[in-house]
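When the chains are written out, they are named A, B and C in that same order, and each has its own residue count from 1.
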C-alpha cells in the first residue's frame, strides 16, 4: 500500500513540482538550519573549541532571517516597481527626454560601492532599519533600470512597427509585446539586484539594523568563527534559494 | 478606395513627400516604385498613420484618415513589412490571430479564421500552427505575415517591400501566390518595392516616384510604351524594356488557332509569357512554337512574326 | 535634433525647478557649537537677510529660462550657468559662516544640510545632461569641473569656511592620508595579483576544460559568499597560521589586518578578471585568427600581434570591474582591522559622528568614480577602430 503511494507520489512530482525542486530544497535547508542551529552545537564546538558559547543566542535565527528577508524583500519590491516603472516611463514618448540622463545615471551608479551608499544613507536617515532599506533600494534600482532599458532597447524595431501597424494601442504594445520580450533581461536584472542585496544587507548590522549580519559582526568582534559560520551559512542558503527561484523563472521564460 | 490630395511630409529640413496626389481604386493593386529614399515607404505609412502627414489630405472611402481613431484605422487595414515583424514570443497561430483578438472576436471564430488563412496561404495547420517564428524559413515567415495582415478581412492591404529579403525563387513563388490571392479576394492593395520586375508583374497601376514626387503613373504597359523621361526609362530597364514588356503579355493573347501546317516540335504552355516564348525560340533556334494547355494538348501556335506583333504568319 | 525648431529641454527645466524648490524650502546649513552637539538648522533665506540666497536662485531661474528654448547656444549658456552655480555655492557657504558663526565660537562647525546636498546632486545631473546634449567628450567634461573644484578649495582654505566635513578632515589629515594610501595599496595589490594569477589561470583553462569548469565553479561560488562573512571566515585560519608559522608571522600575517583582507579581495577579484581574460582570448573572431594563420604568422606572432591587441580592451574592462569592486570591498575590510577609508566609516558609525562617516564614504565614492572613469577612458583609447 505504502509502496503504491510512493510511486503515485513521484508521478505527481512530474512536471510541475519537479521544476521547483531546487528552490524547494534550498528553502527547506534554510528553514531547517534556521530552526535547528542549536542541534549542531557539537559541530560548532569542534570548530571553536575555546569559546564559552558556540551558538549565537542574542536573537533567534528565525527572527534574524525574517528581518533579513523582510528588509531585502521590501527594498527589492520597491526597487522593481520604481526601476521597471521609470525605465518604461523614459522609453515612452512622454518621458523620452529623460532617457539619456537616466541611462547614464544607471551606468554611473553601478560604480558606487554598496558600503558607501549605506554609509551615506545613515547621515540622511539616522540609524536602524530605514537607512538600510533605502540604501538597498537605491543600490538595487540600478541593475533593474539598466536591464529594463537594455531589454526594451533590444526589441526588434520592426516588431514594434508591425504591432503599431496592426492597430495595437500603446498599452497593448507594452503589455503583450514589449514586456514579454524584455522579460528575461529584466528578470536577470532583478536577480542581480536581489542577490547582491541579500549579501549587502548583512552590512546593515553595522548601522543598527538587526539581521543575519549580526552573528557575523559579533563573531568578528569576539573572534568567534562559529558565529560567523552561522550567519554566513544562512545568508548563503537564502541567496541560493532566491537565486534558484530566479533560475527557474528564467528558464521557463 | 484610397485618395491622396497634395500630401506633404517633412522630416526636419528634408521634404520626404512633396504635394503628392494619388488615387487607388477599389480592388486595384497600386505599386509604388522608385529608388530608396524616394518617399514611397513614407507615403505608404502615412495611409495607416504610422507617420502623420504635414499637409494635404488622405481619404479612405471618402473620409479623411484623421477622422478615424488611429488604432481603429489600423485594425481595418492590413499591413505587411519586409522583415515580417512577427512576434517572436508567439506561435504562428497566435500571430495570425492578432488583429481578430484585438477586435475581440469570439475564440471559436478566431480559431476558424486562423485555420482558413493558413490553408489559403499553403501553411498546413498541423505542421505550422504551434511553431515559433524563428523556426520558419524566410518564405514561410512572410506567408504568415501576409496571413496576419489578412486576418480581420480588411478591405485595404498595405505592403512595404514584403518580398524584399527573400531569395529570387521564393520571391517569385510568393508573387505568384499573391496574384492568385488577389484574383480571389479583390483587396485594394498599395505595394511598395524597388524591384521593377516585381512592380510590373503585380501592378494594375504603376506609380514611379522620385524625390517625394510622382514622376509618372499608369498601366504598366503604358509606362513601358511611353516612359515620361530618361529616369523612368532607365528604371524600366533601358534596353531590356522590350523583354519586360514581353513578360507582361501571355502567350494565349498572341497565339493563333492551329493551322493546317504540321505542329512545331517545341511546345510552350498557354499561360507562359511572350518573353519566355522568345527565350525558347532563341534557345532552339526555331521561329514557331506549339502552344499547349494544362494537359499538354495543343491549342494553338505562335510564330516569331506574330510574337513581334505582326498580323499573321 | 534634426529639426531647426527648439523644443524645451524638459530635463533641465525639471532639474532646475527641483533645485529651486530644495533651495527655498529645505534646510541649507546647520550650525553646531562643537563636534558632538547636533546643530541648529537654517534655511537659505534666513542668512544675511536672504539676499545671497536670491543670488543663487537667480542663475537657476535663468538656466530654467534657457532650457525653455533649447537651441545649441542656449544649452551652452546653460552649461556656463550651471558651472557658475557650482562655483558660487562654496562662497555662499563662506558668507553663511561669516553670518552665523560668532567670534567666540572657535569650535563651531557649519554642517551642510539637505538642501545643499540636493542642489549639488541636481546640478551634477544637469551637467551630465548638458554634456550629453552638447556631445562634449568625457575628458572635456572632467576639465570643466576643474574651476569648480578650485573654487571649493579656495573657499575652504582662503575663505576659511568652518565646514564640518573640512574640520573633520583637518583634525585627522594624517590619518586620512594613511587611510587613503592603505586603501589604494590593498586595492592595487589585489588587482595586480589577480591580474597575474588570472592570466595564468585563463591560459590553463584554455588547455584543460576540467580546470575551466572547476575554477569557474569555485570562483562563482566565492562571489556569492557575503563579503562580510568571507572576511570573517578568514580570521581564524590566518590567526592559526600566523601563530604556528614564524615566517608568515614575520611578514605580518595574523588573524586580523591586511592578510585576510588581501586574500578575500583576491578571491573576489579573480572571477571577473579570469572571466574577462578568458573571454578576451577565446572570443577573438575565428576568421581573424584563420586569416592570420593563412598569411603565415606563427602561433607566437598570432598571440602577440593579433590576439593580445584585440584582447586588451576586454582585459581592461576586467581590470575596471575588479578595481571598482575592490575599492568598495576594501572599505568593508576595515571591520577586520585592515585599515583604509572604511575605518572612518565604521568608527564614525560607532560614535554616531556623521562627519567622520562622510569623510570615509565620500572619498570611497570618489575613488570608485575616478578609477571607473580613468580605466574606461584608457580602454576606449586602446580599442582598435574606436567602436566596440
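The rule is short, and it goes like this: a contact is a pair of C-beta atoms (placed from the backbone, for glycine too) under 8 Å apart; a residue touches a chain by one contact, two chains touch by 3 or more.
Nothing here was measured: the structure is a model prediction, and the numbers come from that model.
K.L.:
Could you say which chain's mean Cα position falls nearest to the mean Cα position of the entire protein shown?
P.N.:
If we average C-alpha coordinates per chain, A lands closest to the whole-structure average.
K.L.:
Average the CA atoms of each chain to get its centre, and name the chain whose centre is farthest from that of chain A.
P.N.:
Here the answer is chain B, farthest from chain A.
K.L.:
Most C-beta contact pairs, which chains?
P.N.:
Comparing chain pairs, contacts are most numerous for A-C.
K.L.:
Nearest whole angstrom, what separates the Cα centre of chain A from the Cα centre of chain C?
P.N.:
24
K.L.:
Just give me the whole-number Å value for how far the CA centre of chain B lies from that of chain C.
P.N.:
For chain B versus chain C, the centre distance works out to 60 Å.
K.L.:
Taking each chain's centre as the mean of its CA atoms, how far is chain A from chain B in angstrom?
P.N.:
Each chain's C-alpha centroid was found; their separation is 54 Å.
K.L.:
Within the complex, which stretch of chain A touches chain B?
P.N.:
Within the complex, chain A touches chain B at residues 156, 158-169, 172, 177, 180-181.
K.L.:
Using the touch definition from the top, list the residues of chain B that touch chain A in their complex.
P.N.:
48, 50, 71-77, 79, 81-89, 98-99, 102, 145, 148-149, 158
K.L.:
Can you name the residues of chain A that touch chain C in the complex?
P.N.:
Residue list for chain A touching chain C: 48, 97-98, 100-101, 104-105, 108, 111-116, 119-120, 122-124, 127, 195, 198-200, 202-203, 205-207, 213, 216-217, 219-220, 223, 225, 228-229, 231-232, 235-236, 239-240, 243.
K.L.:
List the residues on chain C that touch chain A in their complex, please.
P.N.:
Chain C reaches chain A through residues 9-11, 114, 117, 125, 128-129, 132-133, 224-233, 235-236, 239, 255, 324, 327-329, 331-332, 335-336, 342, 345-346, 348-349, 352, 354, 357-358, 360-362, 364-365, 368-369, 371-372.
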